[in-house]
Amino acid sequence: MIFASDTWSGVSDEVMAAIAREARRGGPAYGSDPLTRAVERRFCEIFERDVAVYLVGSGTAANTLALSTYARPGGMVLCHREAHILVDEAGASELHGNRCLGLDGIAGKVTPETIGAALSKFSPDHVHAGQAVAVSITQLTELGAAYSPAEIAAIAALAHEHGLALHMDGARFAGAVAGLGVSPAEVTWKAGVDVLSFGGTKNGCLAAEAVVFFDPAKGRDLPYARQRLGHGFSKAWFIAAQFDAYLREDLWLNNARLANGAARRMAAAIKMSRIARLALEPDGNEVFVILSKEANERLKGAGVVYGPWSSATFPIGERPRSGELLVRFVTSFQTRASDVDRLTSLLR
Amino acid sequence: MIFASDTWSGVSDEVMAAIAREARRGGPAYGSDPLTRAVERRFCEIFERDVAVYLVGSGTAANTLALSTYARPGGMVLCHREAHILVDEAGASELHGNRCLGLDGIAGKVTPETIGAALSKFSPDHVHAGQAVAVSITQLTELGAAYSPAEIAAIAALAHEHGLALHMDGARFAGAVAGLGVSPAEVTWKAGVDVLSFGGTKNGCLAAEAVVFFDPAKGRDLPYARQRLGHGFSKAWFIAAQFDAYLREDLWLNNARLANGAARRMAAAIKMSRIARLALEPDGNEVFVILSKEANERLKGAGVVYGPWSSATFPIGERPRSGELLVRFVTSFQTRASDVDRLTSLLR
Amino acid sequence: MIFASDTWSGVSDEVMAAIAREARRGGPAYGSDPLTRAVERRFCEIFERDVAVYLVGSGTAANTLALSTYARPGGMVLCHREAHILVDEAGASELHGNRCLGLDGIAGKVTPETIGAALSKFSPDHVHAGQAVAVSITQLTELGAAYSPAEIAAIAALAHEHGLALHMDGARFAGAVAGLGVSPAEVTWKAGVDVLSFGGTKNGCLAAEAVVFFDPAKGRDLPYARQRLGHGFSKAWFIAAQFDAYLREDLWLNNARLANGAARRMAAAIKMSRIARLALEPDGNEVFVILSKEANERLKGAGVVYGPWSSATFPIGERPRSGELLVRFVTSFQTRASDVDRLTSLLR
Amino acid sequence: MIFASDTWSGVSDEVMAAIAREARRGGPAYGSDPLTRAVERRFCEIFERDVAVYLVGSGTAANTLALSTYARPGGMVLCHREAHILVDEAGASELHGNRCLGLDGIAGKVTPETIGAALSKFSPDHVHAGQAVAVSITQLTELGAAYSPAEIAAIAALAHEHGLALHMDGARFAGAVAGLGVSPAEVTWKAGVDVLSFGGTKNGCLAAEAVVFFDPAKGRDLPYARQRLGHGFSKAWFIAAQFDAYLREDLWLNNARLANGAARRMAAAIKMSRIARLALEPDGNEVFVILSKEANERLKGAGVVYGPWSSATFPIGERPRSGELLVRFVTSFQTRASDVDRLTSLLR
């Protein structure tokens, strides 16, 4: 039983079929193919407006390129202190002229309060500190929580008031949309998001992510930056093909619903456990659990694969006590109910 | 009939089958899977020695990461003035701390003479000019020519004497090995190459390139640099799967032989033409041809797809005369003899 | 009365005289002059060993160049969370390939404990986090404290054990040496420091800082990096002239003793105050004081110039209480005892 | 007799007096002092319009910061192939996101023709090549020639038509203004220059250069970029003091007239020589001369200091013949007529 990460999942059959279809014939290189154009139109439909879309092969590429658009000298991107762009991309943001400033926050969320406090450190009269250029939020957060449209709108209002862009790292965007039951537009541009890293890889694709600018003019330099990053693939249709299948007939949302459902099933069962307890109520496909020593040993003994998680940003009251361990279980569209049930039966 | 570029070709069935096989099951992320280990061992076999191998998704990524290893402040990479790293990667090398210095040379080749002349401009007493850190050669060159082992050895000797690394951009490495009839070892480390960008994408893969260090210790920082570039893919097994098939039972060399054979067939026929002439004898799968106006019109009229090429680096005597046009035809493992014959019949 | 910063001080007469002397005649450009050679020898004397010395015009240049030597992809420099390189250089470190990771610590100091905890986050098996490349300590710290040779040696031992370099930002190095009563060698290479930013500007120079490598071979690339940063000045003798005077007949230590003495005099008097209290015992020329509202108003009314300071990194018990304010008074070699006495009389 | 470079000259007495005056008292740090404000106003007077001025310590810093303002991903700055920014700054431009593309041209000048030809290589449909972002011209050129206002206007028109900025590297700007007999406005913004690196160091200052934006809004990010480069000096008044004296009572133009006059005197005499001949008619303070072997030996024997120069960009007819040597003599405001006469008498 693998609950290590949704990056360990396989690929949806529809997605592989689409790649295979294109791979037989090849075609115009570097994204000049008709399928890429069709996928761009599909993104406009999904977001109910004109958007500029740039396909890349990894979430790190999507995030760093999205944010490079807003880079200025000494530029700072305000994000949660556990944000992927800050702690898990080996400095990709810095490669493109930005630094990340990590803020505290419950469940991986930043708020107008923490952002406002950080902004008070920046001033044109004190260039030593640099200048804030963007706020980046992760949807779902690194702790599996979903920002509501209202939460996003409050952050966006503050960001825009200070001339900052609002970026959303949507590596698990599908899970958020499915979990919140809102439209893609409602949790993005209608709430004030300027640019989105739209993830496919964690939810049924092979290697497919998209940078989506809600003001298409902002994407002007992206093709150059993408080429420079080595993400201007010659056979770029292999990414378009993935999105073609992923966005067709709601495969992306259906996959996310499967993953979320498995997580909810797991969380509900864990609430009944005497040797494990939920650390956070899951909004998507990540379940953070505090295991007793006994529980951990049982799971390891049964060959369950999962990982420890840092509790440093959890509220004091929700951290593991002595002998306990905070861990993360991640579900995916491939997770079987029977595997969830086996896991939770071990925790009874 | 498409002779635009080998980047327009499709993917070998064996390669797609390997991706599909892995995609059904997924597995450990970020290259920690057993297939990646197996591919690394396969590279050691092919090169008849221990090598350090890092898989990436594009040639630009491979080149810039390979060269980043040798970057120093003010560092200069000496290469041909038509080298891909200089003119076709939108400044990727510069992103990693190097600049490229373009040298003249017939058929896309640099020589000990041109390198030596360039090196005379650098000195620790004149830091303004920067410092040479590496020589980069392209195999096949951008003009489709193959460096012989002896040519490479002469360049390597000079480079090493001056403390420079020798990088080989092997986007069409298979074509060179197949064309020269030498072993992979003979045209690389045995001749003095330090690091190779080993290409798969132009010759039957989907998106698969490898950085190969012949001194494994030199690869120490590559995983960090790769992650930072967004080429540390979560489902990295999709690249390993491609190489697994590509390097199995000589698929890579067989594909190259098909492409080279088609180019030779084309070149032989063009030598008979009255309205077109060979600009260069092809060593691999690229045929540079000078077309008369009439020839160009006939081909365009017949829907043949190909592109113009700059003649600036050709010897004066081999440049197009007034009314003529220099063009490039590229073959691939998928090129059919019948298509070649149709093309050349149009040029009779 | 100006206690805003030692950067507001003027220049020692001896230093100005040396610049003027050289300025009359000019001479070989870009540091190829005999005075630069003489200053390099003087540094060797002062540090009792062969060192490689590179003159630059600002502390930010010195720090970022010193650290650029140890940059690797995804490289992290561990420093205090108030370190100048992290919060006051507008991202200069990032420009050269490093990121800074801020650690907690009393009085601006990092310790083997905080460094060790941070290092546990890095591993070649988790390249996402990057890799630690150096520890940087500030001497005097940003809170005016001096690291003892024993404290430095403990940090160096841990750093070296993990393959990290130890950098010392010595913007106020003279103050530390004078205050500790040790030799320059004892607080640097004898304790394990690998590279020092040796400051002159805050203590009697105009614009003179030096990067000092205790292993001269490490400086190999510095001249290139310096030129690229625009700190390879054509009339570089203007920096050499400053150091020539500054390091002659212990001007540098005498200036520091004057500044430190003024700070001690101030601190002693403040201990007697009913409306102000010392936040930290000063080791050098910076006095951190918690002012009552009344005290603050009196000083402002009297035209004293000084600045507020963040108390975020102070131990809870030493932070200002409601209505109080944490401020910093900085003395310099030009501070007059009468000004100190006027200040403290206002605080009685 | 030193004719090596104007960077070998000393400093005008007025300039040193101004530094010494400020150095006695010190004052507000980082450019927040009243003298910096006064210098900014003086620049507005000199250029007869509102300008944004940023003081730095070296020409490399001025150039790279000026151009960083226009950097975009894959950005290319078109300049002469001997331009200082391309060949003498160790890659400083690349550090800030630009690459330099060197163009041919007589006497160090680019023209609308060479720029137009280069621009034809760039297109949004071919992002591999990057994108042109600016044209940079050097005034005086690296070969001592002055662009006339009409020449600049023609270049500016083409640049602006393509959305490129026009930068002028004015390391020897005073010499050009003095030589052309035009106003500073006429050779800059009135002709279409967007940003100027205004040099002082080669003409009587110690280390003083200014970035001047003719559209003040373009300077918004300069202070951040300058701090990051380590050119936000704490005692920044030392640069303001230099400009205060340099721009007062036309010292800058008078110094330039002295240097230019010495060059003209030298050139006139060399025209009479049998063993040396002018390679180019000087517009400013640089005299390029082709020496016979005999002439070179005489000068060396007499201890004259000067340097060889590359003839690669000279028209074929003006290159040294076998046995001859192309050299550069540079005069300055300190050059004495008697030294010029001694030199030319050696060449009779």
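Going in written order, the chains are labelled A, B, C and D, and every chain counts its residues from 1.
Keep this in mind: a residue touches a chain if its C-beta (ideal position, glycine included) is under 8 Å from a C-beta of that chain, and two chains touch if they have at least 3 such contacts.
Model, not experiment: these values are computed from the prediction.
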| task | Report which of A-C and B-C is connected by more C-beta pairs in contact. | result | B-C
| If every chain is reduced to the average of its C-alpha atoms, which one ends up farthest from chain A? | D
| message | Between chain B and chain C, what distance separates the C-alpha centroids? Give it in angstrom. | response | 50
| Inter-centroid spacing, chain D versus chain C (mean Cα positions, whole Å) | 35
| Centroid distance [mean C-alpha coordinates] between chain C and chain A, Å | 41
| query | Which chain B residues sit where two or more other chains touch them? | reply | 30, 73-75, 89-91, 127-128, 130, 224, 227-228, 232
| task | In the complex, go through chain A and note every residue touching chain B. | result | 4-5, 7-11, 16, 19-20, 22-30, 56-62, 64, 89-92, 95, 201-202, 206-207, 224, 227-235, 238, 334
| field | Of all residues in chain D, those that touch chain B in their complex | value | 73-75, 87-91, 94, 99, 127-130
| said: Residue numbers of chain A touching chain D in their complex, please. | reply: 30, 68, 72-75, 97, 124, 127-128, 130-131, 221-228, 232
